[in-house]
Structure formats: structure tokens, C-alpha cells
Amino acid sequence: MELTVYLAGQIHDDWRGEVKKLAKERDLPLHFVGPQENHDRSDNIGEDIMGEQPNKVFRDDAASSVNNFRTQVLLQKSDAVIALFGEKYKQWNTAMDASAAIQLGKPLILVRPDSLVHPLKELSNQANVTVESIEQALDVLAYIYE
Amino acid sequence: MELTVYLAGQIHDDWRGEVKKLAKERDLPLHFVGPQENHDRSDNIGEDIMGEQPNKVFRDDAASSVNNFRTQVLLQKSDAVIALFGEKYKQWNTAMDASAAIQLGKPLILVRPDSLVHPLKELSNQANVTVESIEQALDVLAYIYE
Amino acid sequence: MELTVYLAGQIHDDWRGEVKKLAKERDLPLHFVGPQENHDRSDNIGEDIMGEQPNKVFRDDAASSVNNFRTQVLLQKSDAVIALFGEKYKQWNTAMDASAAIQLGKPLILVRPDSLVHPLKELSNQANVTVESIEQALDVLAYIYE
Amino acid sequence: MELTVYLAGQIHDDWRGEVKKLAKERDLPLHFVGPQENHDRSDNIGEDIMGEQPNKVFRDDAASSVNNFRTQVLLQKSDAVIALFGEKYKQWNTAMDASAAIQLGKPLILVRPDSLVHPLKELSNQANVTVESIEQALDVLAYIYE
Amino acid sequence: MELTVYLAGQIHDDWRGEVKKLAKERDLPLHFVGPQENHDRSDNIGEDIMGEQPNKVFRDDAASSVNNFRTQVLLQKSDAVIALFGEKYKQWNTAMDASAAIQLGKPLILVRPDSLVHPLKELSNQANVTVESIEQALDVLAYIYE
Amino acid sequence: MELTVYLAGQIHDDWRGEVKKLAKERDLPLHFVGPQENHDRSDNIGEDIMGEQPNKVFRDDAASSVNNFRTQVLLQKSDAVIALFGEKYKQWNTAMDASAAIQLGKPLILVRPDSLVHPLKELSNQANVTVESIEQALDVLAYIYE
Amino acid sequence: MELTVYLAGQIHDDWRGEVKKLAKERDLPLHFVGPQENHDRSDNIGEDIMGEQPNKVFRDDAASSVNNFRTQVLLQKSDAVIALFGEKYKQWNTAMDASAAIQLGKPLILVRPDSLVHPLKELSNQANVTVESIEQALDVLAYIYE
Amino acid sequence: MELTVYLAGQIHDDWRGEVKKLAKERDLPLHFVGPQENHDRSDNIGEDIMGEQPNKVFRDDAASSVNNFRTQVLLQKSDAVIALFGEKYKQWNTAMDASAAIQLGKPLILVRPDSLVHPLKELSNQANVTVESIEQALDVLAYIYE
């Protein structure tokens, strides 16, 4: 049984590449999707498509409309979601995607470092599983196939 | 027509009191609900009810289970949601509540300072209305009654 | 049994006043809600609340975000919807509200002049009832209480 | 990942052919569906199947029942929707399909010329993305695969 | 706790009056709603409101559009449904209302004479409770208040 | 695009075979499912599996539980439903399946002879399309592929 | 804000009376509903209403149909659910009601003695809050009003 | 038509192997999924992935979070559910899964020995079909393909 997993979270390092490598090493029939990982492209996509916007606020809104379109299409095709929080950045769209997954009934694995336990406590309590590392998240996914 | 409005957001200052005062001044038939605003009580509620927990992680999880119970009950009774972001704190449960409101079809007003436009752009794009101040949020609610 | 009815449609004449008058004359326990009927206020509400926008496109988008917020709150409180089409104007938000009502399971009465039968045929076919006048729409509502 | 996209909008010129050509040129794994594009067939389908109807009103209703059946089947199989508005025609069924897509949680791209900004402002505000050309709509779809 | 109960079924005798009388005798806080009980009015309501129709088929369709509007409004306001089948008539709209109740999650009591056990077996199997008399249906409703 | 169509209705003659033959002649990529068509097997299935039941009422209930299980599985896999009514039999489970299809958002074609217009008027009004013959129902399905 | 709370669980002692007493002592605006608490009446209700059944299996099924009808009506009217497990009895309908509450989005408090931690671990993990005593359950409900 | 069936129930003997063997003997195109069947692994999975927990309560909660994640993923991919109850063990998660299946609209076959009729009566009444043996459950599944 193939499963599609949405990888929500920051796009500042290649953690998704790591997830895919681990899944491949374990021969898991998983297909991963997620947001645009090229940070500049993600920020510019509104102006890249719709042209110059009046100012930064509208530039951001144009970009986010295309990003949200992509997320909604891919999240709805997914059977499960991993949401990863790191120590840097606001990551409010990660929280938004994780909460959307919960409300849509998509099973959710939360990955967060020990240092973020307190501010993420309500979200962690609603996630199906909370772990600290990508390896553990893969352990949870692999468990489906045991 | 009376409406119930859930006030999501930080509990470090009395912005909810301000919202209620403004609604009263305008004679709007609004009933406001929201999270526990006593910060210590909110953090301690798990141990206050279930007793001492093994460590901070479990203490936080116990507290969040009661906080989430309260939020779910009150959010479901609400006709609209205001989610306020400030310059301080992680505010991931605010993002979580705002996203839950969107998925549950609860109309959402986002309040955020100009400085947070960029990190909140995806959430702002999904909210019904985004404003910068409590007064403007009340303007939006008042517009229902014009 | 009191019922709340949303009145979707153009805001260029006082057809909603006529609906309310007829309901009152018949002593029907109906409560009517609907969009902002002051046309200028409806067009300006974005800038009235959020301040000046960069150009007409953004001015319109700001206004519509507040108008849509109002519509969503009131449509969800409604037990039935009347959508009236007239000979003038594009009336695409009327079609949008009527279609939303259908998808949300809100029983829908469509009011349209004979001249609009052809362009409204798909929407009419999905409405519960299609009539040509406000009086007939009230007849349908009154029938609930017979 | 193959995606199915419903193309809502007028059937007076071959804009859907253009969409398909552009998708093919870019090698996007998209499958497009939409309404009957033969205008006469679309208007006659009721009488073609159910036989002569008493007058134009019933002829239109018979045709729209078959058209709506087709739309409902194909819309439910779709992962995303493009709704295109042009300068001519009433296009109320385009607005109806676009609004149905929103309520059903189908991500929506609205295509409309600059001249229609004002009358489409509420629908545009609810769409995920609003653009002015077919090329831009394809840019949005292509972005899913980057 | 007051409850609203929809009474689906034939309109050829006064069984609904009997239901109401029994509920009153037992002092149950029940509010009953249902279809138009004046048979002629129910059959004529389309032409009464929309005027003469081309033939019997369209006359029936016009009437049923108003009857279905009424049913949808009242069924959605109900907490439970009684569907009564008698020995005469086709009663397909009773079956339709009963099935709609099941799909909408409205608890359903089926009342049917012993002679109809076989043709109603699939519907009976899906109903919450199947009984043979109005008195028994009231027993079931009364049990909520014990 | 392959579609699955549920064929609801009586099982006393081979109308489903006719539907399949017509679809094959037209080369339509349709997959048909439906109830058990062996009438005796359908009536006996409860006792065939669960053993002898105390009397006819319970024998019927046992059979219908298995029949309803089959219908629910297959209806949920279907993209559209044809419900055929004939001049004989009560056909209440056909009405039940048709109404379930409507509530589940499965597009519905109703097939009924002219003689049944009046008793089926409310159900016909809720169906997407109503026709009089199997050929016409196939015409409607074929129209999806034009 | 008044809330209605469903009290799921065994009916062998008066724990519901205790819950109501505690709520009254604290002046909480809570309205409690639940299953039939007279054990004999609960077991006999099928035969009390529908008459003698062929054997114990059918006697139980008749009773449970009426009990499930009552539960469905009252659970749907509730804003939250308390499910209490004790050391005795199978209590599978308590587990059934608790799981139904979770799926219906009704916030759930699980009350269970320490001795049942292991067999209830999956259900406890899905509940909003798990506590060991009625007093603690009331603490959780009271917290909504702080 | 291939179908996926979730096998809920105890993991103390190899009843799932028996189910699969019977399905293979009958050449049924069924794909079976279910919980982790290695009992120790199921109990240890929390600590196996997340490391040692403070005590048995938290060890159980960690394990159940991973087990529930697996169940939610697989249940959502399933077309039908078999829930088997045996004479031993509490089996509350079986009742939880069965009730979740009902609420999610997944057709449910309950397998239970005669000795458990009384305590399972409410759950049995809500299941589509109740049988006493695995062979009978397979008979019900096989009936879909007749």
C-alpha cells in the first residue's frame, strides 16, 4: 500500500531530502510532497506570476495565495502529515498546516526539539504523535508496514 | 441577533478587556469567549487537576489537554473568531486556533502588527479579513449590524 | 418556529424592504438578514476600515474581504436563502451566494425575471424553487407555516 | 502525481484548447475536464435526450439538468478548478461552479480581465488565486510540480 | 429539553393529530413539524404560486419543488424523525424522507404494519427503531425523558 | 476517465444486463455495480449466512442487514447512480438508495415510466435528471464523455 | 453560557447523581443528559415497547435499538461528553459512545481508575483529557467558566 | 473491484491469518490491513521510538499514540471493517475502532461469540451485520462479489 505524506515546515535546510533518503534506505513505499523549497522562489512566486505588486504587503499576499493553492492541492492528496519545527523562524505556516491536517482528519506526526516543548504544547497535544527527530518520524511511518 | 466571538491569541496583556470595552461602548450584541487568561493558571492547570507530573514535558502536556478541551468547547459555540498576533512570544497555539477556525468554517479576523506581515502571510491570506488593530477588528464586527 | 432568511442579491433598490413589509403583513415569524445595502458603504468598507489602498483593485479586494466576512457569518445563521436576480448588473456575488447556499444545504428560492431564464438555467435547476416575483418567494416561505 | 483540473467558464471560444496546449508544451501531468463545449449541443441536450419540451423555459431546464449532472460528476473527480470569466455573456454558471468549488474545498484559480475586477471582487476574494490570463493560470498549476 | 420531531408519511388521514394528542396527554416537551397535510393544497401548491403549468408532469414538478423546500427547512430543524408507512399509496416520498434522515444523522423511528415487513426490510434495518403503532413511537420518544 | 455507476432498482428482470449491453455497444468506460440480482438469494442471504431465524420478520431483517452492507460498500465506491422504478412492486429500497445517493452527493439519474410521475414527483424533483428509459439514462452518462 | 454534557458509562451506581451534585455545589450552568439509569428498564425497554421477542438475542437487540435512539438524540444535543469506566462490567457501549463523541467532534473527558490504564490506553490517548475521578472531571468542566 | 478491509480486534491469536487464508481460498480480491499483531511490539512501540518513559502510564500513552496513528491511516484507506470480539481481554480499542468505523461511514461486520450478546448489544445494533464466526464474516464479504 503506497502512502503519500505531506512534509510541512521550514524551507531553510534540506530536511526533506533527509526524510526521503531515510525512506529509500528502508524501502518504504512512501511518496513525499510539500511546499516549494526554493526560498526565494517561494517569496517571489506572486510577482513572478502576477507581476509587480504595489508594496511588500501585497507582494507577500500574492506569493502566499499561490503557496496556499499548492499546499491545499497537495495536502488533500496526502494520507498523513509530518510537521517539523526548528529553533529558528516564526514557522506560523507550519502551525497552520499542522492544524489544518488535524481538522481534515489527516494523521499528524509533530517533530520538534526539546527546547520547543512549552510553546508547542497545545499543538503537540493535538498531534497523533510527537517526536524529536526525523529518524523517529520515519520509525512511526515504517511501523504502518510492519 | 446575538453573536459569540472567540478571541484567540496571547494572554500576556489585557487586549480581550479592550475588545469587550469597545464592543460595549458601541452597544454591539456580542458575547466574547476565549482561553484562560491567567497565565500561571493556564500553565499549571494540568497539575492543578491531575496532580504532579514526572517532568516539565508531561506537565505541559497535561496542561495543554485541559486548555485544548476548553478551546474546543468554546470554539464550537462561536460564530466568528478574532486571532491576534503580537510582536512577542511564539504564539503557535494562536496560529493553530486560527487555522482550526478556517477549517471549521468559522469566519476569521486576523489582527497583526505591520512588522509581522511576512511571517504571517500564508495565514493572513486564508483569513477572511486582516487588520492591524483591535479597533479595526471591532469595525469589522460592527459592520455585520449596519 | 422562527426562521432566519438570508436575502442575497443586488443592493440598488429596496427590494429587501418590500420582502420585510410583505412578511410583516402576513405575520410570518421570519427574521431577515443580508448584505450591506448602502452601496457606497459596501464599496468603501475596505478603505473605511483598513485605510487607503494602493489602487482600485486592492480597494475592491479590501472591501470584498469585509463583505464576505459579513456574508459568511449571516449565511451560516440562516435557515433558508432567497437569491434575487434583476435585469441590470453582473450580480456574480448573488450567483456565488446562491451556489454557496446550495452546497451548504441551505434551502434556496431563486427569484428572476422571465428575461433571465436562459443565462440562469443551471442555477435555477439547482435551486429548490424558482419564482418570478418577491410575492411568490413569500408565498413559498409562508407555505412552511400552513 | 497526476492531477485532474475542471475548467469552468464560457464555451464560446476555444480557451480550453489553449489551456491543454500550454500544459502539453510544459509536459505537466494534468488531465483536464469541463462542460460540453459545443454550444448548440449544450443548449439542446435536454430535448435531444428527453424529447420536445412545452416551451423555452422547460427546454432550458431539461438541458441544464443534464449539464449539471455532468458538472457534478466531473467536479467531484477534480483536484483543482480554473474558472475563467470573459467580457461577454452573463456567465452565472461559471460563478456557480466557482462557488461550488470553494464550498467543496477544491482549490480555485480565477481568471478574469482587468475590466471585471469590480463585479467579481467578492468571488475573487474567495478564490485561492486570481490571475488575468490562461498563461498565468498554467504558471500556478506548474508551480505544484516545481 | 425540548425536541423537534419531523413526522414523515402519508397525508390522507389525521395520524399526526393522533401523535400530537398522545404527546400532550403525556406532557412531553415535543414540538412536531411535517409536510403540508391538506392533500389538495399539497398537489396544487406549484400552480397556486407559480401559475398554470403546461401539463400534469410540470404541475407535479412545480408542486414538489415547494414541498421539498418546506421539507428541507423543517427536517434540518428537527432532532428526530418518525416515518409512518400505511397499507395504501406508493409512499415513495416517505421512504425518501426516511433515508434522508438516516444520511443526515437524524435518529429515525419507522412505523409500519406487519403486512409491510418484507418490502420495508432494508429501510427498517437502517432505521434506529421499528415499531407497529403510533403509541409505540411515542413510547420511544417518551423514553428519552425517563 | 473510468466511472463507476450504481444501478439501484428492482431485481425482477434483467434491466441491468440491458444497461451493460448498451454501454458496451457505445464503448463507454463505465463499470456498473448494484445489488444482488438473484431474488431468492437476496431474500435468503440472512439465513444462508447466519442460519435459521425465529420467524419471517427476523429472516427479513437478517437478509436486509447483508444487503445493506453490500449496498453501502458499493454505493460509496460509485461516481453516479441510476435508480429505476417500474410499474410493479413497492420498491421502497430503490427510493431509499436514491435518497441516500442525493444526500451523499452522488449525481442521480431517475428512470421511471410516465405512469409513476405523480407518486415519484418529490424524488424526481431532487434527482439530477429524470428520464423514462434505460436508453435515455445511457444518453446522459454518454454525454459526460462528449 | 449554558452547556449540555452527556454522561456515558455504567448504570450500576449513582455516579451521575454525584456529578450533578458537584456541579450544583459549584453553581456551574451545566445541563446533564445520559442513558436510562434504571438497569432493568434499560434491559427490558425493547420488550416493554415492542412486546415479547423470540429469545434473548432478539430481546437484547430490541432494547439496544431504543437505547441507541435515545443516545443519538442526546449526544447530538451535547457540547461535551464525560465517559466513565469502572472496574466491573464489559462497558463496551461506554467505549462506543466515547469513540462516537471523538468522531463527532464532541470534546471528551475520560474518567478511569489507575487499574485500567493499560486496556484503555488507545481510547485515553484519543480523549481530550483523562482523569481518575469525578471531582477532576468537574474541575475540567469548571475551568471553561474561569 | 478490489476492496481494502480493516481487521479490528485482539492480537493474541492468528485470527487475521485465518481471514486471509479463507479469502485466498475463495479467490476474493480483498486486501486486508490492521493493527500491529506482535503484542510485545505493540506495547513497546512508544519506548522503542521515543525512548524510556517516566512510568507505565506514560509508556502506555506513548505506545498508543503510535498505534492510533497507524490505525487512523489504515482505517481511512479501508472500504469496510471487521471487528472481532473474543471471550478474553477488555477489547476496548476494538469497540473504539468499531464505533469510529460507524461514525466514518465505513460498513462494519461485527464478529462475536454467543456468550457476548448482552454486553455487545448496543454495538451490535449499530453494526451493519453481526455474525458469530470468521467464516460468516467472509460470507458477507464474498456476497459483494456475487
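We call the chains A, B, C, D, E, F, G and H, going by the order they appear; numbering starts again at 1 in every chain.
Here, a residue touches a chain if its C-beta (ideal position, glycine included) is under 8 Å from a C-beta of that chain, and two chains touch if they have at least 3 such contacts.
Just so you know, these numbers come straight off a predicted model, no measurement behind them.
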Co-neighbours of subunit E and subunit C - touch as defined: D
Over-half contact-pair match to C-E, picked out of the listed pairs B-H, G-H or A-H: A-H
Gap in Å, rounded to a whole number, between the CA centres of subunit B and subunit A: 23
Euclidean distance of C-alpha centroids - subunit D vs subunit G, Å: 49
Chain centre separation in whole Å, for subunit H relative to subunit F (CA means): 31
In subunit B, residues with contacts to at least two other chains: 65, 68
Listing of all chain pairs that touch each other, if any do: A-B, A-C, A-D, A-H, B-C, B-G, B-H, C-D, C-E, D-E, D-F, E-F, E-G, F-G, F-H, G-H
Residue ranges of subunit A in contact with subunit C within the complex: 54-55, 58
For the subunit F and subunit D complex, residues of the former touching the latter: 1, 3, 79-80, 105, 107, 109, 128-132, 136, 139-140, 143-144, 146
Residues on subunit F engaged by subunit E in the complex (per definition of touch): 56-57, 60-61, 63-65, 67-68, 71, 85, 89-93, 95-100, 102-104, 114, 116-126
Complex contacts: residues of subunit B adjacent to subunit G: 4, 31, 33, 36, 38, 41, 45, 48-50, 65-66, 68-70, 72-74, 76-77
